[in-house]
Amino acid sequence: MSWLLPSAIAVPLLAAGLTVLVGRRLAAQRVLAATGVTFTLGAAIALLVQADRGGPVVAQVGGWAAPAGITLVADRFSAIVLTVSAAMLVAVLAYAVGQLGRDALDWWFHAKYLVLTAGVAMSLLTGDLFNLFVGFEMMLIASYVLLTVRTGPSQVRSTVSYVVINLVASALFLVLIAFTYGATGTVNLADLAGRLSEIDPAVSEGLGLLMLVVFGIKAGLFPLFMWLPDSYPTAPAPVTAIFAGLLTKVGVFVIIRTQTLLFPSEGPSTLLLFVAGATMVVGVLGAIAQNDVKRILSFHIISQIGYMIMGLGFLSVAGLTAAILYITHHIVVKTGLFLVGGLVETEQGTGALHRTGGLLHRRPIVAVLFLPLALSLAGIPPFSGFVAKLALVQEGVALGRGVIVAVSLAVGLLTLFSMTKIWSATFWGEPAESAGRAGSGVLAATAVVVATSLAVTVFAQPLIELSARAATELLDPAIYITAVLGGG
Amino acid sequence: MFLVLIIHAALALAVVATRSRLGRSAFALGALGPLSLLVWLTTKSRSIVDGIAHRESIEWVPSLDLVLDLRVDAYALVFLYVIAVAGICIFLYAARYFGSDPKVGTFAGTMVLFGGAMVGLVAADHLLAMFLFWELTTITSYLLIGYSDHQESARSAALHAALVTGGGGLALLAGMVMIGTEAGTFTISEILANPPSQSAAMGVAWALVLIGAVTKSAQFPFHGWLPGAMAAPTPASAYLHSATMVKAGIFLVGRVAPAALVAAAWWQPTVLSIGFVTMVIGGWQALRQNDLKLLLAYGTVSQLGFLFLLVGSGEAKLLYGGLALLVAHALFKATLFMVVGTIDHEAGTRDLRRLSGLRTSLPAVFWVAVVAAASMAAIPLTFGFVAKEAAFDGLVKSGVGLIALASFTSILTVAYTGRFLIGAFGGHHPGHEPATPVGPAPRNSLVWAPVVLAAVAAVIGLVPGLVAPTFDAAVEAASGAAKAGKLVVWPGLVPALGWSMVSLVIGATLVWQNALVQRATDVVGTVSRRLPSADGAFRRGVAGLLSFADRSSGLIQSGSLPRYIAIILLVAVIVPATALFRSGISGGSLPVGGLLEAILGLLIVGAAATLLFTTRRFAAVLLLGGVGYGVAGLFAVFGGPDLSLTQLLVETLVVALFALVLRRMPAVFTPARFERTMRIVVAVAVAGFVFLGGLVAFSARQAAPVSDRYVEMAVPEAQGANVVNVILVDFRGFDTLGEITVLAIATLGVSGLVLPILRTRRDSP
Amino acid sequence: MSLISLAVAAILFGVGTYLILQRALSRIIIGLGLVSHGANLLIVIGGGFGGVPPILSEGVDPATVADPLPQAMVLTAIVITFGVTALLLALALRSYLLTGTDEVEDDPEDRRVAREVHPVVEPDPDEDMHEVVA
Amino acid sequence: MNRRPSPILEHGVVSAAGPMLVFSLYLLAAGHNQPGGGFAGGLVAGVTVVLAWAAGGPDTVRRIVPVRSSVLLGLGLVIATLTGFVSLVAGGAFLESGYLERTLPLIGTVKLVSPLGFDIGVYLVVVGMSLGLVRALGGEPPEEEVGS
């Protein structure tokens, strides 16, 4: 089964190359894109099953044993996140095809989308620090070109900011690689885990903090997030949806991976919990201040990241279980919300709250799609966000971390507040002029995402059991290290 | 029981799905929800009253102790009957109340959903399950209040209710999780059987639970949302905001009081104080209203205060009267809301200053109102009287202070009841038309639905023995005390009767001397308007929150790219530095470097330093190229010919591309505007971090690098002598695969960015 | 590694940072170029003291060769940076052609939010006391 | 920039382009054992393209490399990826290298290594990139219908 690991990355790459070769034959591009992305989803599911039954699946690319070669690893954690991500990539591709049907966004959309898919898969599966850099760059270059295409004068500045900030982050990543290799002589994560414990603990800890910062920029942690809400809202809906759903979560994934594998420690981390709380609060305040659907949702990306870091900050099985469940839930819900935001823009021509209204009466289906996602985001039962938040709150109470629990609940209320702001201004009120009509394709794609989020609710128990097994695995780095260095 | 919940959910879906065909008859279909509940209750109530609680359970997320335990005992039974009976009447009423607005179907479906949530809330024997239904009532209430969504007032009232009760809900959740964690179970009956003992944490937990109950049941200081919720259509006001949802908090405090008393000594005095303040404020405000619906709403606030202290006190004898009064209140208040709705429907207004002569034009409505109002004012031979006597009987036994305060608010109750009746149905108001014109007298459910409710109340008032066993069982189920009180038509000459009669007489006098009362309320009103009101506090709170959000995001989210980068770099430098430099910097043993290195280094630094002051773009590009060539030289010195070659070629291409782009731009840079000091500080910090961090990190190496294996394996295993190239295409070929992908996509991106715009410029010069 | 090269890398970072922290995009790109030169240099320095080129032809003692892995990583990094720089240049060009400047302005929506005022909305006391049940 | 390129310069570049491209192919082929490889080779070809543009503009570029850049990019990507899959299908690991040694008449011993296939993919992408970038950024005057 280990052949699935490189294939999950390389098949979309091959498809990307082929879409470039077939040129302007749109139908062929679509078939290739759908095949590539769906293959990754299938591979992810197979890997998840395999990793859950028999422990981490490892592939040494090129046949060179770690730590010389690049190792790809699918343990439960990476397989879960990859599965959810790939599912969203498939759904959003369907949405994009539906939306861009007549007026193709640009000729190379599918190639870029496939490279984004490959980049996400590589970043999630790789067991190598430098390969992670490459995976990030693939993800980023695809995101740059998806974000910048067809930008007008008003958006060009925000996309420029996005690219520049990410280049600064990439430079910092290179500094991290230089320091890490300089101090340890390896870039293989499993090998690093051992070597970092042998060097001066001060250096090791410093590298851990540098990693937190470097990946924190990608994840949108406080106070490194400001670029995100300025740039995400400018892209077309499917592009923003996939950015919002996946990119920051890849950052969170890498933070959790590196902090648990490379810098294992006992007991809750006050630093992480502080960062978590600050991220939640600042993000939600930003959301409240906004007056545009996509901007509100973008700030909520930040705020929600705080919850995932909160779970990590507990550094316990239950805390990480909650974090993993939260990531799963959030990827789906956030993607869905941005897709609904896209529906609003299609219907009303804008997402600016003072110009929308009455959509509940004109297109009730959009309201029906919005409501469960919005309530889930705010952590209202019985939706998936509630289950994930309950898991966090229970662990916070059990550990006696009252402050972060109180903050997380208060932020939940403010989230509800900003969701009612969207509801009130967009779905209620005097109907705004109709600008268009969302087609059945985009509605169906959105409905699939909503259904997925409801499935997370219904199957919360098996999911939480799976997450708990993944969390246990994360807190025992020896499993990962043995899988990479010992076997394969 | 789950069947009833499923019926509600399915009905809600069915109603919404068929809304365009059903019109307002959607409510008739929706009435099947509470009807199914009533059927269920009638089949089960005998055994439940006998003390055998009905249990059902569905495991949802057992890992989180999230189990949907339902347990219907006699205490819950009382509430369920209210939900069922009031529900059926109100749904049928609503089927004639609304017009042909297409929104009606969605409204009806939401109301059914609410009904189901309410059933679940009362039946839940699990804290988290109860919370689930609790929040569901909040959300459905939000949607129902906002029915007239084209009106800003309705939208903001909906928000007010959602935020206050939603916020209370989250406090409740926190409290519940704390209690559940401490008790080791979330099952309510188990917690009650074995409550956590007193501790600071449990004190906080029970306070949080109390906050939840206080917000939901519109207790002071959170009562402001309830009058606002009158923006909802009258059927919703009658169902949610008088009969059912606002009783949820009371249900909760009554349910948990025995356990709360164990852990929190302050519980009882706090509950009593909150209840009393709410009673007085609500009663007083009711006296000042001109809108009949608002008058009833404030009356509800007042009554809820009374119920809160009776039910939540944890005293069985108070609970007994409280439960009876709760049912009586649901019956008469829902009736009166429907009366107001009918008046509004027929006369086109509910302003009591504009209404007159309805006694003759709507006689049936008038008589229903009289019966219900009598119950509200606790005139003998009504259910209201029977219930209040039971309550007063308990209060008398608890002390003279309590009964005196209760009697005082009873006076207010009588007074606003009078104001309501006279205002709605009274005759000739000086200066007004003698009678308000009304439509043809209604004969449908607009009349008979309230009649049914009023009749139920009247029958109970005359024959309380019909329901007394249920109340006995309910109080015993909730508090463990048997025979804590009694329901009788005539209590005999007991002290409680004396207090009631006195308040009735004084109240009647106030009704008689209406003008005097109005003057008094005007005077006090002008004073009290200056005091902070609950509603005003909420409005200011929301505006303040929005402003705070704007200010704080304005501060953090400055929108300035240089500032963002400065923050990121400073964090990236400072945070790791706290650990990295802890064990000191020792780079003394490191080699300084050779002469060639020094020369190349000087060239590079010189070119870079010149770049700082260059204002011409082309010069800057050439200098950048110079730096690149210098770095290529250093690479060569370090033994990297491939690297050096690649760097030279890439640098050449970069300069060429720069030249291609910059030829279209002005020759000179625009001057920098970002603070110079800040730029210097950040630049020095970054440079210092790189230098010192490099020293520390590079001296930390303990083990041989993995690349030794590459050198070993390159020729024998990978068949290549150029180790760097072997790494690129073989050992780490996967990196290279990713890398060329980046190049390909970047190229496609450049074409997409530049070509269209050049084409447009050519087409339209 | 040597102190001179490390200092050169650090200075490249410093100068690059100084150039990045302003608004002319073309100058930011030059700053980013300097920073990536610095980063590449840093990685090579992290590989140790250098040595003879890692090309194992006859007569080369494997013990004396420079660490090849940092070289390979830097090669990859150089090329990736090149691709991204090209994209950024195109973006600068587009920005210039569309707006007539390559300055990166502040986000207008952020500035608008920072200036916004929220009056306390008082309820209308004379609101019609009637529900429209059309 | 409406300058007429100097015909002499243009001629010089066009005649130099052939040897430079051959040199770039040599770098590609020799890379496994000598300095060079797909990157260096591709970049030399890229510099050739830039020189051609500088000397004669887009037409000259097209004369030297008469292909769409997207074809090179796509082809390079597909070749590199397929090299990875070939070994996977053959039962090895993804991108695992295979070697083939044959003694051919007249030529002698030829050693074929699969990493060379991968390096060809790299080379094609780098050439395609140089071509695409020069065409796009140098696309004024934009008479040509650019393929990428």
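Each chain carries a letter (A, B, C and D) given by its place in the written order, and its residues are counted from 1.
Convention: a contact is a pair of C-beta atoms (placed from the backbone, for glycine too) under 8 Å apart; a residue touches a chain by one contact, two chains touch by 3 or more.
Quick caveat, the model's predicted, so the values are computed rather than measured.
Asker: Please indicate the chain closest to the centre of the assembly, with centres calculated from CA atoms only.
Answerer: Smallest centre-to-centre distance to the global C-alpha mean: chain A.
Asker: Can you give the whole-Å distance between the Cα centres of chain B and chain D?
Answerer: That pair's centroid distance is 62 Å.
Asker: On a C-alpha centroid basis, what's the spacing between chain C and chain D, in Å?
Answerer: 29
Asker: Report the inter-chain centroid distance for chain A and chain D in whole angstrom, where each centroid is the mean of the CA atoms.
Answerer: Each chain's C-alpha centroid was found; their separation is 36 Å.
Asker: By residue number and range, which residues of chain A touch two or more other chains?
Answerer: Residues 6, 10, 13, 16-17, 20, 61-62, 130, 134, 137, 141, 144-145, 148, 160-161, 164, 168, 175, 178-179, 181-182, 187, 230, 289 of chain A touch two or more partner chains.
Asker: Could you list which residues of chain B touch at least two other chains?
Answerer: 546, 550, 553-554, 557-559, 561, 565, 569, 641-642, 646, 650, 653, 657, 661, 664, 690, 694, 697-698, 705-707, 710, 721-722, 728, 730, 732-737, 739, 741-750, 753-754, 758
Asker: Which positions in chain C are in touch with at least two other chains?
Answerer: Residue numbers touching two or more other chains: 1, 20, 38, 40, 42, 45-47, 53, 55, 57, 69-70, 73, 75-76, 79-80, 83-84, 86-87, 89-94, 98, 104, 107-110, 113, 116.
Asker: Looking at which chains touch, is this a line, ring, star, complete or other?
Answerer: Shape = complete; every chain linked to every other.
Asker: Taking the touch rule as given, give the residues of chain A at its contact with chain C in the complex, in rising order.
Answerer: Contacts found on chain A: 130, 133-134, 137, 140-141, 144-145, 148, 151-154, 156-161, 163-164, 167-168, 170-171, 174-175, 177-179, 181-182, 187, 230, 289-292, 295.
Asker: Applying the document's contact rule, which stretches of chain A touch chain D when the two form their complex?
Answerer: 3, 5-7, 10, 13-14, 16-21, 23, 59-63
Asker: Hey, which residues of chain B end up touching chain D in the complex?
Answerer: Interface residues on chain B, with respect to chain D: 641-642, 645-646, 649-650, 652-653, 656-657, 660-661, 663-664, 718-722, 725-726, 728-730, 733-734, 736-737, 740-741, 743-744, 746-748, 750-751, 753-755, 758-759, 762.
Asker: Would you pull the chain D residues touching chain B in the complex into a rising list?
Answerer: 1, 31-40, 43-44, 46-47, 50, 54, 69-70, 73-74, 76-77, 80-81, 84, 94-95, 97, 99, 111, 113, 115-116, 118-119, 121-122, 125-126, 128-130, 132-142, 146, 148
Asker: Which stretch or stretches of chain D touch chain A in the complex?
Answerer: For this pair, the touching residues of chain D are 70-71, 73-78, 81-82, 84-85, 87-88, 92-97.
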